[in-house]
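So, here come the structures, one by one.
In the two complexes that follow, chain A is the common piece, with chain B as its partner first and chain C second.
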Partner chain A sequence: MTAYTAIVSARFRMLLQYRAAAMAGVVTQVFWGLIRVMIFEAFYRSTTASQPMELMDVITYVWLGQAFLAMIPWNTDPEIRQMVRTGTVAYEMLKPVGLYNLWYARALATRTAPTLLRSIPIFVLGMLFFGMKAPESMVSTVGFAAAMAGAIILSAAISTVLNISLMWTISAEGVGRLVPAMVILFSGLAIPIPLFPDWAQKVLHVLPFAGLSDYPFRLYVGQIPPENLWMVLAHQIGWTILLAFLGKYMVSRGIKRMTVQGG
Partner chain B sequence: MSRITVENLVKTFRVAERQPGMWGALKGVASRKHRVIRALDGISFTLDAGELVGYIGPNGAGKSTTVKILSGILVPDSGRVEILGKVPWKDRIRYVSCIGVVFGQRTQLWWDLPVIESFDLLKDIYRVPDAAHVKTRDELIDLLNLKGFLDTPVRQLSLGQRMRCDLAASLLHEPEILFLDEPTIGLDAVSKLAVRDFIRKVNREKEVTVILTTHDMDDIETLCNRVMVIGNGRILSDGTLGDLRKRVTGERRLIVQLAEDGMDVEDKDAELVRREGNRIEFRFDPDRIPAATLISRLASKYPVRDLFVENPPIEEIIAELYNDLGSA
Partner chain C sequence: MADSLKLYFRYIGISIRGQMQYKASFVMSAVGQLLLTFVEFLTIWALFDRFGSLRGWTLPEVAFFYGIVHTAFSFAEGVVRGFDVFPAMVKSGDFDRMLVRPRGTLFQVASQEVQMMRIGRFIQGVAILVWSASALDVDWTAYKILFTLGAIMGGIFIFSGFFVLQATLAFWTIESLEIVNTVTYGGVESAQFPLSIYRDWFRKFFTYVIPLACVNYFPALLILGKEDPFGTSKVVMLLSPLLGFIFFFVCSKIWQFGVRRYTSTGS
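Presenting the complex of A and B:
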């Protein structure tokens, strides 16, 4: 195994131990899912205009969002936060690995393991009791799976940039407050992106956040035809590469600052 | 061939100064005064392969700063460092794979993983071939007696167990140089002995060069053939423990045990240090009066039951050195 796959797998195994947290997550997410579904039902019942998305699709979209919430890069890594605050972060540099790659590997595991524990029960509950529908077709299932893989890679890239930014905003307060609101709104988790005004949709489709949930979820419900999967993947991978460049640049600046001014 | 060359190392830190009180805090918002602290002020030394050096000094003297620079974590303002032909802060990734570092106050093991899994992870991070890894690992497990808690998560280990595991972790990739920053801090007597024993073995048998910072003078006395004392960012003394003793003080101690209590004992060439019941401690200068002369003179005058000569405790020597520094 290479250093990075070893880190991913060790962290993954470690995170799988947190079953109680996952249980609590499932309960919370189901609760919020129900509330959100009720809001959308009320909204659809009271409107007479035709909507860009059918209610059935919206409900499925909401449950997908609840199932994959843990994958959304809406927070910073508490351990890295701790490391930066106490200065232990300098000791990460004693390992013969690049800091960006090390933290990207961490983020990849942090975003996948808890999601795996939470998404399956929510999927089952959503399908059995809460009106979530199965994927549009076999092809869209494959498309959805591929886009979810892309979403995880992208999510880890965004998480890593957020974590690196902790090297400057030591208290992490600003990042911790601004980012969740932004990510949850722009990724379509609060309101599906197709329900945004046209001008906003144009912007949101370009931003990286649509690749986290909106694109894969719309592939699932059939709102994006499977033949457009490549566009989704190009968007996700393009942003991942761009963010990796940004992250590496930030790391080199951050290390310079740390090594000149002390931990 | 010296493995470590350090020349004229200087490191300064800028510290924002805040004036006390509300008014001071408000002034700090508008303009901030910075004070420059010279943590290292021209440090130079060389180390040969296989040395075991103690690096001591009071808190804030610059010990940790030196170790951080030598391990590639900090970049100095000026000066030259060459270790194993490399400059630590340049080409960091290649350099750190040739050294081992243990910080007594921290752990490089993964908190939630069993010890053995941390070792496996380090194998992958340092790209150690499997066969070599198994050999080194088993040897270290044996030497440090880690068998009993290899499957325990690190967070559940006692400090002594954790330190032994950290020592093993730092040597898994067989580094040529080992930096130990206060490895015995907070350990109980038994663990300290185990750690010291291990450090000595690694140094002698594996010929690993060891730089050890500590506040525990027993570490120095039992381990180090060379001691560097640092204070205010400068090297105050560099040599064997004997040299250090001589430099600060040539005095010896004579401890006399009397057969009777409450007797006054005096001698014109010896000074009384302390007295506990019938146990009396003198200090004397062996250049002024040879120990044999003093002993026979005292023995002929007083009912001596037992006596012995010893060197002043290393703690007192160091304290004296630090004091000289303060008054200078």
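Presenting the complex of A and C:
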């Protein structure tokens, strides 16, 4: 266990060094957030029918999405991609820790450190200038925090499966291009899940992606009552376990067919 | 000029042949791009499904804006993305070699690479445009079709201007590049909808500072037979795509200024 803690903390500290990139990221995300907010405002002003989510909640939801964007498993780890291409992935296998656990620990750090750097300034800016509201209540703050923890372990599990898929180099190309679009749509980052057509919502609620951002964000704005927190956590943990099994199975298959080129 | 064009197609041919050596990779990337942009459009569709209309605009109308901007952007991205690798060329000193060749630097950098996979987004943009054109209640005269193509051309030049501008910054810094990307992609994102739905400062930014409205919003208004709620005259709208070419011209001047100031890394 200490080995994994060391991996997480070493990578975490390494990733915290990228402050300039984080600053640029903040500017980008604020700009995007503004565009999205204006689009939603325009749509809300076009209708008098009551909507499943109030505009104020949608605006807060958009800013939460911008703040936690780096936490969403929308890309594969460039270093692992490089390792597979150059063959240095062989060293990873020599390490006295399981490959799945090793990469899961990596992913955990990759999903948290950059998020920490970006989320705080966006929270501050969003609350001060851009109409983001505070959590619905004290209880929903606690619910949100718990669901975010669940979201992080789920996000790391999805990231790890994506990274393992890089062992099949051809599919890596496809994974790199297809997955971001799916994740962003299905997690509610493009538009909040409650605004999808009703039939689509039923599907999206079951898929793992809703646990990444939609559930925690709706706990924050109070659209999901705090007493339903256990359902959110069950969804997140259930998927994390399932994906861990899938990931470990893929690792065992991947190692068997892997040929590392000499040189 | 004809000679340069011949050379350009030769460069492009080499680049395409190179990329076609990895067919599976090309197909995956292109299909990925296609699906990616398709998902983008799905979100717009879902919003219309939920809200019915966007301040009086219908889905086919918004699709027209969407189609124009994506067709132009993907074309520019595919053809002049050679500027993408430019910062690396400055860093490594490879740019020096271009300075001693008997062709313009802008031309040489532009023809470095064609990104074939952008064809995915391009196909999607055109498909949405064609669908919108058929769903709209517009009498498609030759003049209107030509004007649409003109707007797309203007858009290609504006986005190319962005890429040139971004590359020019590499003469001084490589830190600020992300900011230009933000404006580029943010511009594409916002131009998917009629510019009139945004707040005042934002609308003005994409009209006067970066004339994206001139190759998207104004031409589309004219074709859809709508009035600009801010009272822009028809003549201005008719001439607006020309601003795309002017924007590119200004960017190319800034580029030349950058080249003159350029000092090699010397390696």
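FYI, the second predicted complex is superposed on the first by the 255 of 263 C-alpha atoms of A that agree within 3 Å, B and C clash if a C-alpha of one lies under 4 Å from a C-alpha of the other, contacts with A are read in each partner's own complex, and residues count from 1 in each chain.
Note that in this section a contact is a pair of C-beta atoms (placed from the backbone, for glycine too) under 8 Å apart; a residue touches a chain by one contact, two chains touch by 3 or more.
Fair warning: this is a prediction, and the values are worked out from it, not measured in the lab.
In the superposition on chain A, A:A6 makes contact with chain B only, while chain C stays out of contact range. By the touch criterion stated above, A:A149 is placed in contact with neither chain B nor chain C. Within the superposed three-chain arrangement, the count of touched residues of chain A is higher for C, of the candidates chain B and chain C.
Residue contacts after overlaying the shared chain place A:A24 against chain C, while chain B stays out of touching range. Once chain A of one complex is fitted onto chain A of the other, the partner contacts of A:L178 are limited to chain C, with no touch recorded for chain B. Contact with chain C, but none with chain B, is seen for A:I39 once the two complexes are overlaid on the shared chain. In the superposed pair of complexes, A:I241 makes contact with neither chain B nor chain C. In the superposition on chain A, no contact is made by A:I120 with either chain B or chain C.
When both complexes are overlaid on chain A, the residue A:A200 reaches chain C alone and has no touch with chain B.
In the superposition on chain A, the residues of chain A contacted by chain B and by chain C do not overlap at all.
Put simply, chain B touches chain A in their complex at residues 13-14, 65, 68, 71-75, 89, 92-94, 96-97, 101, 103, 106, 108, 110, 112-113, 117, 120-121, 124-127.
Considering their complex, residues 24-25, 28-29, 31-33, 35-36, 39-40, 42-43, 46-47, 49-56, 175, 178-179, 181-183, 186, 189-190, 193, 197-199, 202 of chain C touch chain A. Only residues 1-3, 5-7, 10, 14, 17, 88, 90-91, 93-98, 259-263 of chain A touch chain B when the two sit together in their complex. Contacts from chain A toward chain C in the complex involve residues 20-21, 24-25, 27-28, 31-32, 34-35, 38-39, 42-47, 49, 51, 170, 173-174, 176-178, 180-182, 184-185, 190-191, 195-197, 200.
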